[in-house]
Every structure is written in C-alpha cells, then in structure tokens.
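Please go over the structures that come below.
Common to both upcoming complexes is chain A, partnered first by chain B, then by chain C.
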Partner chain A sequence: MNYIEFRNITKSFGEFVACHDVSISIKKSEVHSIIGENGAGKSTLMKMLGGIEPATSGDIFLNQKVYKPNSAQDAFKNKIAFIHQHFVLAEQLTGLENILLSFSSGSFSLKIKNTSEVLAAANKILSRFNWKIELSKPVSQLSVGEQQRLEILKALLQEPEIIIFDEPTAVLTPQESEELMQFILQLKRENKTIILISHKLNEIKSVSDSISVLRLGRLIQSSPARELSIENMAELMIGRQVVKNTNFTRPTEREVLIKIPNSDISLFQSEIFGVAGIEGNGQSALIASLLKEMSDRQIKYGDITEDRIKLSVFENMNLWEHMLLKHKNEFLSKGLIFESRLRKVTEDLVKNWDVRPVDIDKPLSEFSGGNQQKFVVGRELWNHPDALLAAHPTRGVDLGAQENIHNSLLEFSKQKKTVVLVSSDLNEVLYLSDRFVILNKNKIYGPFNRGELNEQQIGLIMAADNNDGIRLAGQL
Partner chain B sequence: MNRNIFNLTRLAPWLGLIGGLVLCCLLALFFHESPWHVFKILTTSFYNSKFDLGLTLFYTTCLIFAGLSFAVPMKAGLFHIGSEGQILFSALIGAYLGTAIVPFDNPFSFIIATAIIILSTLAAGAASALLIAAFKIFKQAHEVVVAIMLNFIFAAITTWLTVNRLQSPTSQNPETALINESFQFLKNDYLKTYFENSPVSVFLFAALGCCMILHFVERKTFIGYKIRAYGANPHAAARLGFTQNEILMISLGMAGVFSAGVGLTEVFGNTFQYKIGFSPQYGFLGIAVSLLAQQNFLGIIGSAFLMACLHKGASDLDLETEHLTRDFSRVLQAIIIFSVAASYYLAQHFAGRKRKS
Partner chain C sequence: MDSALVLILLSALRVSLPLLFAATGGYFSEKSGVAQIALEAYLLIGAFTAASFTYYSKSLVVGYLAAAVFTALFSQIFSLLILKFKGNSIVIGTGLNLLAMGIIPIISKTIFNSTGSTPSIELPEASPYFPYIVLVLTLAVSFWLSEKTIWGLQMKFAGEKKLALQSVGISPSLRQWQSLTYSAFVTGLGGAVLSTSLSSNYSPLMSSGRGFIALAALIFAGWNLPRSLIVCLFFGLCEALQIQMQSNEAISTYIAAEFIQMIPYAATLAALLVLRSKYPPAELK
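Then we have the complex of A and B:
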C-alpha cells in the first residue's frame, strides 16, 4: 500500500457529485500533480485530505492507517499542510504576527509561542531557501509573491511531511513561478511529499513524478509523468484536442477609439492592446483612468475586473441578479423588471459559456472560480460593447475555459472592437496582443509591436529600477 | 434567493426569541412567580378585550414602521439603530406644527395644512436620519456610533424643547399642548370606535401598505437590487457605478421617513400631543422585529404583531402579578431583543466561518 491512498472516494453536495468513486495512490517523497478543469473535483479531493470537508463515502489511508480527519487541525497533527489558492493572511498584521497566529491551537487559547524562538525558526527556513521577506512589515505591504512565500513559510514551520499546493502559480510572475517550481523540487529532495494542483501544464510536466487527471469528478488516468506529454494531458483534461489559434491578420486602416489618459497612446479599433508588468506597478491607476475616460466619453464598454471576488461577485445574489445589475436598461420596461426575459437571457448565456452547473438561481459566489469567470466574461460581452477591459481574464481558470476566453477576446477584437488586456501572465499578453506596453513603478513604457521584444528584454524592463533610453509613453 | 428555508441562519432569530422567552419566564422564579403564569400573561393578554387587541394593533403599527426603518438600511449593509432618536424628533416636529398651524375654515385650507404637516414631519424624520449619512460621507464615521449618539442627542433636544419652550400650560405632565382640534380627525375613526377607543388608528393600514409597497419595489424595480448589491459588496457596486453617497441617502432617507411614521402614529393617531417618554423604545424593538423577519418586508408584519403581543403582555405583568413591576417588563424586552440580535449575529458569524473554510 502506498503512502497516501484514496479508495473509492465520493463526495456529493446535495444532488451535485463533485467526486465520483475516485481512487488515487500517492507515493512517499514524490511530486504528485492533480490536474483537471474547474469543477473537476481537484480542490474538493484535497479538501478531504486537508480535513476541511468529509468524504460522503470511501476511505483515505495515510501511512497504512485509516485517516478520517474532522478538521484542519487533525490534518495539521498528521503533518499535512495546505497552501490555499487564496491566501489566509490577516492583512493588517505583520508577517511575524501572522506566523504566531498560526501556532495558536484553539480559538480560546491564550498560549503564545515564544516570539524570538519562532522568529529564529522562520529565519532559518528563509535562509535555507534563500528567501527574503520582511517579517516586520504588515502583510498588506508585501507583494503577492512575498505573501505566498509567507503562506508557505507558515506551513513549513509546522514541519509537515505532506504539502498540498492549490494552484500556487496563479498569481505569480514567470520568474516567481519558476522559483517556486525549483523550491518544490528542493522540498522533494528533503523527502517531503508534494501534491500540486495546477492548470499550467508545462510547470506540471517539469516537476511532477506522477500525474492524476480528473474530469467531471471522475479519475480519468493516473500515471507516471514521463508517460504523458503536455498535449496528452490537455486532451485528457478536457476530453478533446486543444487547438491554438495563432495566425490572424489585422486590417491596416484602423480608427482611433480613445487615448489613454496621461499618455500619448491611442487605442485603435480592431486591436488587442496588452498591458504587461508585475502587479502593483500602476495597473489599478491605469484601469481607473481608462474606465473614467470611457464613461466620460460614453463609450459602451465591458469590464472584466482585476479581482473577481472583490469587484465582480455579490454574495447571496444569483446569476440573473448579476445579469440585471450590469445590464439594467435591457431588462426594465416602464421602471419594472422584465423577469421572464431576464431569466431567458441568463439561461442562454450560461449555456453558451458552459457555466456549470446550469442553475441561474444559484448564488454566483457558490460557483467555482473558473465558472464564475466564464459567467463574468460572458456577461460583459453580452451586449456587444465597443471596448472591453479584460484584467487578468484567465486568472485561476482552467485550460479549456482559458482557450475559450482567449478565442472570444480575439473574435471580439476582429469586430472592429478594442480590447485592453491587463495581465501579469506575460505569455498571455504576448500571445494575444497586437501592441503592448509595460508598466514599471507607475511609468508606462512602449508601446511595442507584437514581436518587437523577446521575453528576456521584457523581463528586464518589468523589473529594472532604471529604464533610461526605453520609450516612455506616460506616467500614472 | 436563499432556497433553503430551514437553514441555521434563517432559524437563528426564532431560536433566539424562544430562548429569550424561556429565559424571561425562568427569571420570574427569582421573584417568586410561576414561570408558567408569566408565560401565559406574556402570550395571551393581547386578546383579553377588544380594547386590548386594539392597543396591540397600535403597537403593531409602531413596530412595523420601526422595523422597516431598520430593515431598509440593513439591505444596504448598514446597521441602523438611530430610529429611536428620529422617532422622538419627528414626533415633536409633528406636534409643534399641529399646534402652530391653524387652518382656515374651509376644506381646501384644511387639506393643504394637513399635507404640509405630514410631509414636514416625514421630512424631519428623513433629515434626522440623513445626519448619519452625512457623518459617514464626510467624516467616514461608523453609522452605529453616530446613530447611538444621535439617539441621546435627539432625546435631550426634544425633552428640553418640550419642557422649556412647548410645555402645555394646562398640564402638569411634561408634554406639549394638544394639536389643533381640526387635526384630531382620527379621534373617532372607524377602527378606534370598533376597538373601544383604543389607540389604534388608520395608520395601521398605512403601515401595512408601506410593507407591501416595499416588497413590490424590492422585487420588481431596480432600486431594490441596487441597494442589496451595495449591501453585499460595496467595492463591486462602486465598480458598476452605484456610489456610496447615493445608496446612503436613499436607504437612510427612507429609514428616517419610516421612523417619522411612528411619530405620526403617536401624535396624530393616539395622544394628539407630544409626551415625553411616549415611546417604549420602539426604535430598539424594531431591530428585533426586523431581524425576526430576516428583513423580509411582508414578514415584518407578522413579527411586528408578535412583538406587539409580547410587549402588551410584558406591560400587563405589573397588573397581573404580585411581585413584578413595570420595570421588569423592560428587562424582559431587553432580554428578548438581546437574544434575538445575538443569535442572528452568532449565526452570521458561524456561516461566515464556514464559507471561508
């Protein structure tokens, strides 16, 4: 019997079956990746291991023994650490305080670990991996990458044997992702068992020993990584071949739609205009001024916000209510809501965009991240706006949906429309954009044409303190 | 919409109500009264006579208005506890205008004067509530803190004005003079006569009408969704262009208008003057009413009636028992409000924790 053994695990939420009769075995000291589209049941499976959700039926064996956790604390005690996709950090507290918090066992425990001891242990780990985090700074002032390292640090201080990473690179820059992958390999060398959930197949390919593929709650295949190519994985995941659309041509004569405020850049119709850069370098200021400009000029625009949960999802409001909030004028007649039309339109949208489950009365917040995003993208494009702001449109979205979203952005831009694509995923910007700018410390560099710079040159502009001599287009 | 009717968050306030009631009855043991006897009085004294039922319906009217005044801002995520101060302020304005304005002896003049008084009273209520919005907009002050301080300030202002400026010359009690006789037209209205001259008046129908209108507005017009969206996620609402100022003005303005409804019910439907201490904390009872109904506007009618029955019962404890006094009834109500509100918050807390994990 292997180190971790899932035996015929089924998990259902009411009528919805998230995992159906899944059996996976994971060896000690290996990197085992679990891949699948959104809603395939990856996170649910891991939540059962992490003690957050109990299984409906089936058993988990850990180290030859039946393992039935009742809480995340039970998982801790069994040396299982869970690094969540969304950070679980108190933003106003410092890094060190967050670490201390993670040591308090019960809600009413007054016992606090010795601060200097914890700090010493933390610094030891930091130096082991050659990381730098200022633990005395409030978490809100740390970069996303640093916050994630803090999460990992928190987990490592508990000296876990098994570490679960739930889509760890979704928010990282290419360099940071690469470092994280190296780090995972280092953990493996230290005999830890790593379970990695991700959509980014090239990363998975580079670090995994074994790969399990889930689709619609069922295990499709579980095999050593060397037996699978990236194309195989993608095909198994979505159940068909992925076709990448790479050649498209633009009309030569294009009209100017608007100018980006505080800069000399004009946005054209029929183009995808990329904005690359590490997050926090002026993206929010750029987005805010662009949105203001568009609404001042009464340009009809769609808005795929940069932070779905904070800016697009209303808790306890269902899909058709979200539809109404965005497109109110389409559904009001004489001041009253035209509900049957609203429901019909929402239902069609959900079907067209393959949002699962097809239930327009379910609160949007209860859908999985990828399905939320599919709904949001569909909703923003529904009334054929003239321009679309797409900020991190595929963040936390699986491959099938990613392809879908990318294609619809391309399709949309062909209809004499403008897309402003803000993304920290450089590949995405390079793949889609006709022209792009790079943000660094609130300065806009560019615009550069497709193919003008290679990835390395872009990386330098993104990270350098001093970019003298590079085309400067504006200041935010 | 929440489809699971029997989940914990929905049931919690009712469990709180039952818990509070049990606690109240047990408390009677300390005063050598039978809990069963106390329970019987609390729950049955509202229909002892037609007059009693009328009195209960009067309380229901006030509690519906007070409940609405809490429920509307709650939809926008605002915990509005300033209703009590707004009730006092608007009632005093109504009573003052009722004595100061004397209509000419023709129906036209009378209708205009009545309209002016009612609208001014409602406006006074709205203005007193918008003070909270102003503090929130200009000073980023928290609405709970501002509202609770304004409650005290309005109580002090109205008391001072009543005693020092508007005191009725013919009375030894701290109260204003009766409003002009022509405005006392509800003295002999149909409802009052039917219920043996109890305080109930046609304002009951106004309160019921408000509930129905709000229910309709919430589901069928955009403004209801806008307010709920703001309550659910202010950041996302701002991104869609619903500004904080707009939502605050609308929801708190409406809250003030409903608070003024209580003032009107008292001054134009019951005593025809402003009496210091007329309100047995309607503003706070309204919180319990609204929470019991989960801010459902039609549900508020039922929960207001329920709280009115309990209120009526609690005030009768003084007469019907040997050892319990009027003050004890206040203790009981405080316990009930407390346990309803606490259970609501506990349920929210646990639901929130569950959602996060």
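Then we have the complex of A and C:
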C-alpha cells in the first residue's frame, strides 16, 4: 500500500518547468531518498508536499486521500514535518523560545506561554535520543550540529508521521553525519516515514530503502535501493558517466611559491594544497593572510571567493562588465574601454566554460548558481595567474559543473601553478589535494600528505576540542 | 539623607518620565523589526492631544487616554506606509516628525486661535502621583506582553526571523502592525506627561529631542528594555543636575548656560559608549 503518492505532478514558474509530470510512490515506514543535481526539482517537489508551494497540476495522495495543502500549517496538521537545509531559527533567541514558537497559533494570543510543559516534552525527546542541547542558550551559541538537532527537535515535538530532510548533512562533520544517519534509521524503526533529499550518494546508499532519481525536472527512475550502486546513481543523476580523474605524478623537484604567514608551511608550484575544516574555524583569516602575502610579493593570483554573491560579483551587472572589473588593465587605455576586444574575450570565455545561456549582456542574477560559478572560475583563470585561491569552488554547483571545475583545477596545477583549495566538503579536499591541512579553532594542523589520514581521522581532528599530539603548523 | 540629594533624585525621576515611556514604546517597534525614529512625533502629538483634552475636560485621565489613542491613530500613517507600501522606515519616520511639527500648529490655530502654546491647564485637585501610576502600569503591561505572552514571542520573531513566524502560519506584518500601534500608544502617554505633568500646557517642539534620546538609549543598551530604562534614568539625573547648576549662581556666573545645558547630552553619549551593544534584531530595517 502506498502511503504518499505523487501523481503526474507538474510545477512551473512562468516559462520554467521545475517538475515535469513526476509520479512517485512512497511506502509507510521507509526511508525514501530523492536524488538529483541542483535544479533537478527535488526541493520543489518536497515543497509541494510540505505545503510551501502548490502544484501547477497533478495530485498528491496521502493515505489514499487527495491531499491539497495551502500552507505549511496544513502540512503540519497532516503530520508532515519539513527540516529545511537552511535553519529557520532566530539566532538571538534561545533554543526554548524557538521551540515555543511552533506551539503558537495564528489567532491573536495573549495566552501565557506554557514554558514548563514544552520544556518537559523537549527534554523527554532529548533523552530518548541521548542528545544534549542547552535550550536556555541563544541559538547563535550552539554549534551547527546542535542547531540542526534543535530544528529536528522542533519538528519531533509536533509528533509527525512523515519527516522530510532537505540536504541535512551539507553542514555537518563526517561524525555528525554518521550520527544523523543512525538517527534516521532509529526514526524508521519507530515507524516514521522519512524522505531524504541529498546528493551525497554514499550516505543515501547506506540508509535508503528506495531511491528516486530526478534529472531536469523529470523522474528518471524510482527503485529499491539495493538495485542501485553508487555509480549507477551518479550516472542516472547527470545522464552520463562520471569520469574520475586518475592521479598523475608530480615533478619531484618543485619550487617554493610562498610560505603561509604565521606557520612553517611552504606552498609549492605544481600542487593543490587543501584546507579542510568546518566553516568558521579560521578559513577567512587564512585566506586573508594568503591574499595579503601574495599581493605583497606581487604574485599574480586568481581568487575564487568563499561567498560569490558577497565578494565576487554584482548581481545586476552583466558578464562583460564583470570581466572588466577583474581585468581592467587589460581593457582600459587612457580611461577608454576597448569594448570590442572585451566583448570578444568574454564571449570566448563563456563558450570555453560552457556558461549557459550564451548572452554576455544578461545580468548575472539571471544565471543559475552553477553557471555563475563557472563564469567566475573562468574569469579568475583567464590571465594565467601563478596561483589560484579557490574557496568552496563547487558550492551550490551541480555534479556536471563540479567535475568540470575539478578538472580545470587539476589541469591548472599541472602547469607549474599552485592551487589553494579551501573547502568544507571533505571529499573534495581528499580527492584533489596533494597535501592538506586541517583547521580547528584557528589552529592549523598538518600538513598531511595524500592518503596519510582516512576520513574518520580527519573528522576527529576537525571536530575535537583538543588536538594535543597532532602536528601543529601554525596559528591564525 | 541630605534633602538636596533627595530633591535632585526626585526631580531626576520626574524629568525622565517621558523618556521612560518613549523608550518602552520604541522597544516594541524596534523589537518587531521596524526602526522607529518617529518617537519624537509621537511625543509631540501625545503632548498636544493631552493638553487640549485636559484643558476642555479638566480630567487628566481623559487627557492621557486621548493622547494615547490619538497617537496610536496617527501612527497608522507610519504602519500603512511601511508595512503595506514597503517604505523605508527612516525616511518615513523623518517625514512623520516633520508632519507632526506642521500639523499641530494648524490644529492649534483652529481650536485655540494660536499657532504657539495652548492655554494653560489648571487642575489644583490632580494627584502628583498620577503619571507614576500610569508608568508603573505601562511597564507592567509591557513586560507581561513581551516576556510572558505568546504574542510577545511572536513579535520578537517578526524582528528576528520572519520565515520562522511564517512557517507557523502567522503574518509577520500583522504582528509588526500591532507592535507599532502599541509603541505609539505608549509613547503618546509619554507626551501626555510632558504637557500635563512636567508643564501646564503644550508649547511648540516641547519634546526637544527626547524621542531621539530614548531611541539612542534603546539602541546602545542593546535593545534590552530594563537596561535602556536605566540609561533614560541616567539622562534624567544629568538633566536634574543641570537644572540645579543653572540655578546655582556660583556656577552659572562662570560657565555659560549653553555649556551646562550640554551636560545631559554629553554624559548620556559617554555612558552609551561604555554600554554599547552589538546585537540588533536580525531583521531590523
């Protein structure tokens, strides 16, 4: 018997069709994963179930009955909880206050808050899962993992039957992710139905009973998890095989490019130097000091910043203006712009990097995140710098574009160049880096050579309160 | 205790009354995520309404009530422009301050045939404790609203995380509107104190920057109501001292009055630098 059924669901935003005739059946008490690249329509589909967006056409059946939610409240009432990727928490209010909010009603209410009752219920759930969250602390003082648990706790207090997790492990350490997966299995044992949206295929493989693959808004396949291998999933998601670059040998004699300030680490030419760690452990300080060092030494460098919207681009300027911004000396003479050359160069770049649509007069905001990022990477590498600082270069970028960016980083490093790769995605750091360091609380641990540590060991160093005995290379 | 000291403390409390009301009013607006620089206008409207109503009714209760209600009505312009038409709260707040300065003389001309001060109120029977009773009641209700009720929690979420409020099916604009209206209501009471208790009539621009002082107290005390009330009391103390110093011949012959009048403002500024805090409501605009 199917518990939740999407029947011929289509959702369009104006011209753009986010979901096209999607039909998926989900059984009771199973973990059903929905995978796909960015923009494949997985979040949109779940938002319809969560009452956040209505479907353009098609029906959702819940327990054999037509289910048409008009708001998140309706989903609530139908025992559906949505754990968002971006936490919906007020950071300056306490954990308890954030929980209390979900017990309030829409009508004007002066009723005194039933604090103690809610607190008791919350503590009961916390102890059931052996979690510790200080609910009296402001949310901003909780770790990301704790914030997520708070978000889950908030949902569980409403005693939902169906729980939707939208990319839940994107911000967690490997240990936290593993614990979350165990937690999902525990919920399943308690007869809850779990829908998991993710693109971390190994996690999906480990917990799912069924998997549905979406690509460009269409359902590609929906089948039991045991019938799919990780390679199959990746292939179905992007529609072709993923070619993993095999490693190549580095020249043995390499010249030192620069040293990382306040540490004893030298960066060599022809290498990719990884920086792993949970965000906010000193990445920004490290990037800032490296940038300063490079400009002091007049090393030509490209800079893929950690926050594209804030630091790299102006969303309402078009592509050739962005090109001009970064490489103004190439296109300016006596205050005049060589516009024809600028346009030609930008057009070539857009074609080389497969930025779509090919329209250099469009403002950047009209490009998808992945295309924006491809353009930024292309722009930063355009004048053949000696070093490239890449902070989270593939964040918010789909698998295809990710592969593309990874390959170009590898290619670039082969040309006697240095890449510093800062990423919170551990797999990315491990896959690309020749050597890497781990940041924890503004301390730099390492450097470690490729293969020196496994994922588990790295996760421990990333999350530990105390890393005595680990090679300490510097302090930020 | 020295009787002079007691007098200064009492007078400090007295002159800080309008500030305490305005800061409480401002708190509700700012906490719900709307920057409130129209407190000055609310004080003026409250002061004028109270003076007029008390003059005709000979009753402080009527005067205070009218001040609160009319100020709350006046604030609907602010709410409408900001919540419905998404205007910028600083621009509209400034506009409202100017509007209050302009509209009061027009009404005053119609009622009293004078664009300046209103006729003076004579209420020999009125209790000098009345404004304090109103203050205590206001503070108690405000504390209960913001800390004890679900409404208060929702109001804070409107200022901290709109999305969370929407996700439980509550419109942030609705809570903001209620909060803004309450804000004006309370600040209007402060205006009433100004014209009926601290003086005996309304005179033009009698708020003299108190709305801004209250706002500054609120901001620098980190949007924390009890702390901002303490800052207001401190300002009141400096103001009382300043008045004492001006009337003391030994001092006023050597220091120009302008410098003495500066003291409360300079001292508040200095105190605020020490107390400053960096956590505005996340969605404050």
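Criterion: the second predicted complex is superposed on the first by the 350 of 476 C-alpha atoms of A that agree within 3 Å, B and C clash if a C-alpha of one lies under 4 Å from a C-alpha of the other, contacts with A are read in each partner's own complex, and residues count from 1 in each chain.
Just so we're on the same page, a contact is a pair of C-beta atoms (placed from the backbone, for glycine too) under 8 Å apart; a residue touches a chain by one contact, two chains touch by 3 or more.
Owing to the predicted nature of the structure, the values given are computational and were not obtained by experimental measurement.
*Asks:* Once chain A of both complexes is superposed, is A:T394 in touch with chain B (first), chain C (second), both, or neither?
*Replies:* Neither partner.
*Asks:* Looking at A:T418 after the superposition, I want to know if it touches chain B, chain C, both of them or none. Which is it: first, second, both, neither?
*Replies:* Touch status of A:T418: no partner.
*Asks:* Contact-wise, after the overlay, does A:K310 reach chain B, chain C, both or neither (first, second, both, neither)?
*Replies:* first
*Asks:* Check whether A:K326 is in contact with chain B, with chain C, with both or with neither, and answer first, second, both or neither.
*Replies:* first
*Asks:* Looking at A:A72, would you say it contacts chain B, chain C, both, or neither? Reply first, second, both or neither.
*Replies:* After superposition on chain A, A:A72 lies in contact with both partners, chain B and chain C.
*Asks:* For A:S222, select first, second, both or neither according to whether it touches chain B, chain C, the two together, or no partner.
*Replies:* neither
*Asks:* Output check: A:T44 vs chain B and chain C. Expected answer is one of first, second, both, neither. What do you get?
*Replies:* neither
*Asks:* So, does A:Q148 touch the first partner chain B, the second partner chain C, both, or neither?
*Replies:* Neither partner.
*Asks:* Just to be sure I follow: which residues of chain A are touched by chain B in one complex and then by chain C in the other one?
*Replies:* Chain A residues touching both partners: 72.
*Asks:* Please output the residues of chain C touching chain A within their complex, sorted ascending.
*Replies:* Listed in rising order, the residues are 145, 148-151, 153-154, 156-157, 160-161, 163-170, 178, 279, 281-282.
*Asks:* What residues on chain A touch chain C, complex-wise?
*Replies:* Its residues touching chain C are 71-73, 76, 88-93, 97-98, 100-106, 108-113.
*Asks:* Help me check something: in the complex, which residues belonging to chain A touch chain B?
*Replies:* Those in contact with chain B are residues 52, 72, 295, 303, 305, 310-318, 321, 324-326, 328, 332, 335-337, 361.
*Asks:* Residue numbers of chain B touching chain A in their complex, please.
*Replies:* 1-3, 219-222, 225-226, 228-229, 232-233, 235-237, 239-241, 357
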